[in-house]
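Each of the next two complexes has chain A plus one other chain: chain B in the first, chain C in the second.
Right, the complex of A and B next:
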């Protein structure tokens, strides 16, 4: 009885949709038409047509961004956490500030960055001009679209920092005692003692950072909308366009299957390589 | 007792010194990094806030200037030209109702899944856990059709239904973890007192789990307040759209009223920032427990 409402929500928003996505990816499916078409949708994903090119680009971008997230993004978050774990002056303020971009509306952040990088009224160009380069006028989201969009999430690893920081706080103090006896100090303690001990949380962070790129929508939709051309297209944005704008449901759901498959693959890989049994048993 | 306390304190002092053993260049580099990420995070928010008090002309003129005088014209325009007020009210309704629903309904499930043994429990847990890992971006088409079929397209109840479910995995993990940490004797005492199932849940277990409840609620609030993709997919009329979608309009409609645009951004981000800064403890404990359990 107590379970019923949650199970209904689960069926309605997770179970039925995921089955629909799987099944209809084999159908030619639009508004009202639903005809079995075998692997046609999947075939067109890798064909030389516009759809094929868009899909390959979207998958490629998504994978590049996942790669950057699990390396640069996680490393930056861990580094900041190590710095904050020494409790320097103002460490709580830094922790709060760094977390802000992770808790405000991504749509709002998108519009903020769009303005920040605007060639005319943007702060970035404004500062460069104020520093002396008076005619500086780069249209960041057009001329360097991929780099600019990448920067708007790769550098903001506040969540990683918070997770690692909480884990460091739970390390028993005797460990550092033995570190001192071994004559270690500074970064050596971090490298040889702290990092191995927070390995599980780093694994969790890698999963979160990687799968976040399968959800990234607003920061692209609000700024480049995948452009110029298809330069900054990713899977969520392409699925949205195919499903809601072109109403090509079958095709959109075939892309959905690929997205889910990438997600499952990432989790399995990270579980196997980074996490110990403690994580699996919880 | 006292002995261990002294012992612990000595240990802590010791550790502090150890951790600060870092060499000078190392400390300088680290300080620079911390200053860099702080600026990176704060400057955009501060810049937008300052800009929202500038006139349109001042915004066009220079990105780095301060407003010559504080003007609220941007805010007035945002509320007058755009239906910001409707969006704002919609956001408040959708966020608060979906938070209460989510916490109550999923809290009930978490309670049962934490305290009782029954057949199929593990299957239910495994199934529900998968929802934590699903990229919801892949499910927009079926959710769109389902919400349309049950007649809730373009309505606040439709958004409330979907948002209550989007927060399902997070709330389930936080609440179940919290119920598991409660002493079983609490439940037994309630049973001895003759409290029924529902009563012991509502009057004893739920209030005992208040910290877990608060943590889950804060995360659900932030998710619902900020959610954009499903709001975009499931609504198409002003009467049912939420604040984040309002920002979408600025890409076209307000192209020339920048101060209104900056003012609206501030209206969207301030509640999240306030909730986070004031309830930071809950947010952090929720994020860490949810993530580690996930």
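Right, the complex of A and C next:
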């Protein structure tokens, strides 16, 4: 009874569209046609055609970015949180500044990055030239597109830092006192006490980081549009291109089904390995 | 409760399966306005904000709503950005919910809407109004017709050559080239003088770059010209296209700025306006930028000349115009009234004077009005008489996914990581997905 309103809302807002996506992935579905086509859409995903190559690249890039996000991004967020939890001078300013990319519109952020990395007028090349390398000119989003695109989100782990900081603040002080009495200090306290105690929040951060990469769209669309070639193509951008540029909704929905499957698999894995202890202990 | 939910669940799931089937065959809207009530027309547009046509459209709508106050009202829905507009129209088309009036100029939305039977046939309206029909030449009517029926009407014509900086040309001692071999020599001479010859781009379907590509093709041979007339071509893998790409690759490598690769139209436009580059391929709407002191140095327009493309080529073809997707008779009639107003002599003259837009109407005398207002436009109209080859531009002809592939693959191609043959093959393969 208590769950009924939530369940009805879930069915109408999420389950129905997800089912629609699933069902239409078996159709030749465009703005003008809707014909059952069996597994054709799924076959073309693994074919040697341009669509197949694009799909394989998009899945590969998405998985690499998920991997980097759940390791480098989360680790960085945790490290910054551990550092800030000691409340060094100016820690509140650093916490706010680190959070800034998370509160700026992603479309605006895309334009900012595009200008920062611009080959002629960009700040990055400008600084390098000012440091003495006067002829330096790298077209970042073309010559090092994957790296540059990756940097636009991997280093900014403000959300992870805020979550971990909040969890660290809730750890009773007497635990740390006992640790110090037993002779632990510095990184040993972090390693043996703080990190195990914030494990569930790290798990939550991993889920957030992974799912953020499953729906990352704006920054790529605004900067490289998946190029050069298909170097920075990911699943959401490919789905957009198939649905809105080619109007091949059936194929786009087949890709959507794969994306949902990857998302569900990730959540199950993280639940099993990082979040299970809380449920076992309660 | 649990049992009730279990009963409801299969019904909801079954209904969800019907959603796609129902969405494709929804009933036509039948709501009819009450007699004597004001008919409200929905018109989404990207000609807002910083778009060069925004002031003209605002004035046209203002005058229309004033003239037809109490009977017809056009409500503008602002959609900044061409691509956002095209995307939205496609979504609305899929849902059978196109707005009452749709602007298809420059984007091939008409054929898609026709596939879904969502477009009003304007032929009876044109036949009933001889004066309106006479304001379009036969070429324009044919371009906006399918199977003998007229489906859209434009208020402008696409006519564009390329602009060059007369001071920079004089500094290098060159004149606009008449052949492509001569064009390469001009570029080499400019480069030798330390002047970057061309503004180019790769983003947003590489507008600046592909105007050159289209011109190379259309002036190359009969095959190239036939290709540049073809709607939604599927094969790009032929010798003329490949050799045109070879020259484009050379232009990227030797004659343009570093920010052209991966760069947007705005980079190229700024480079030309600020005297960084000597040539830019673009339409007459850019002329108003040359005189706008917030964008260009004072007096910059006096430095700008306009020329035919080497090989005596010019983009000079009719454009697709507005079509009507209104579903009730009252709205359809009101939308036709709006189209007649948009394409009237008064409104097209106003657009010509405000932003230098070339009118579609045969009733507007371009030369009599524009030489005082826009000398560069007057010059363009003058040289257009000498053009040996007139052709349409790629964006109105090629598949949207081919335009997107160009945006994605041009940077690699520009850097020499893809050969012209590989590029042509990719475009062919991409077009084949449609």
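Here is the rule we go by: the second predicted complex is superposed on the first by the 262 of 282 C-alpha atoms of A that agree within 3 Å, B and C clash if a C-alpha of one lies under 4 Å from a C-alpha of the other, contacts with A are read in each partner's own complex, and residues count from 1 in each chain.
Definition applied: a contact is a pair of C-beta atoms (placed from the backbone, for glycine too) under 8 Å apart; a residue touches a chain by one contact, two chains touch by 3 or more.
This is a predicted model, so every value here is computed, not measured.
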item: Side-by-side fit of chain B and chain C on chain A, or clash; value: clash
item: Touching partner for A:39 - first (chain B), second (chain C), both, neither; value: neither
item: Contact breadth on chain A, by residue count: chain C or chain B; value: B
item: Contacts of A:201 with chain B and chain C, given as first, second, both or neither; value: first
item: Touched partner set for A:249, first chain B, second chain C, both or neither; value: both
item: Touching partner for A:217 - first (chain B), second (chain C), both, neither; value: first
item: Chain B versus chain C as contact partner of A:121, first or second or both or neither; value: both
item: Partner chain in contact with A:241 - chain B first, chain C second, else both or neither; value: second
item: First, second, both or neither for A:159, with chain B first and chain C second; value: first
item: Touching partner for A:147 - first (chain B), second (chain C), both, neither; value: neither
item: Partner chain in contact with A:269 - chain B first, chain C second, else both or neither; value: neither
item: Superposed model, chain B segment overlapping chain C, candidates 80-88, 134-142 or 206-214; value: 80-88
item: Overlap of the chain B and chain C footprints on chain A, listed as residue numbers; value: 7, 12, 15-16, 20, 24, 120-121, 244, 249
item: Of all residues in chain A, those that touch chain B in their complex; value: 2-3, 5-7, 9-10, 12-18, 20-21, 24, 76, 79-80, 82-88, 91, 93-94, 96-101, 103-113, 115-116, 120-123, 125-127, 130, 155-156, 158-159, 162-163, 166-167, 173-174, 176-177, 179-180, 185-187, 189, 200-201, 204-205, 207-208, 211, 214-215, 217-218, 222, 235-236, 239-240, 243-244, 249, 252-253, 255-257, 259-260, 263-264, 267, 279, 282
item: Chain A-facing residues of chain B, complex; value: 11-12, 14-16, 18-23, 26-27, 30-31, 33-34, 37-38, 40-45, 47-48, 51, 59-60, 62-64, 105-106, 108-109, 111-113, 124, 127-128, 130-131, 133-146, 161-162, 164-166, 168, 172, 197, 201, 222, 225-226, 228-229, 233, 243-245, 247-248, 250-251, 258, 261-262, 265, 268-269, 272-273, 276-277, 280, 283-284, 287-288, 291-294
item: In the complex with chain C, residue positions of chain A that touch it; value: 1, 4, 7, 11-12, 15-16, 19-20, 23-24, 27, 29-34, 49-51, 118-121, 137, 139, 141-143, 224-230, 241, 244-249
item: Chain A partner contacts - residues on chain C that touch it in the complex; value: 1, 5, 9, 12-13, 15-17, 19-21, 24, 87, 90-91, 93-94, 112, 115-116, 203, 257-259, 261-262, 267, 400-401, 404, 407-412, 415, 417-418, 426, 429-430, 432-434
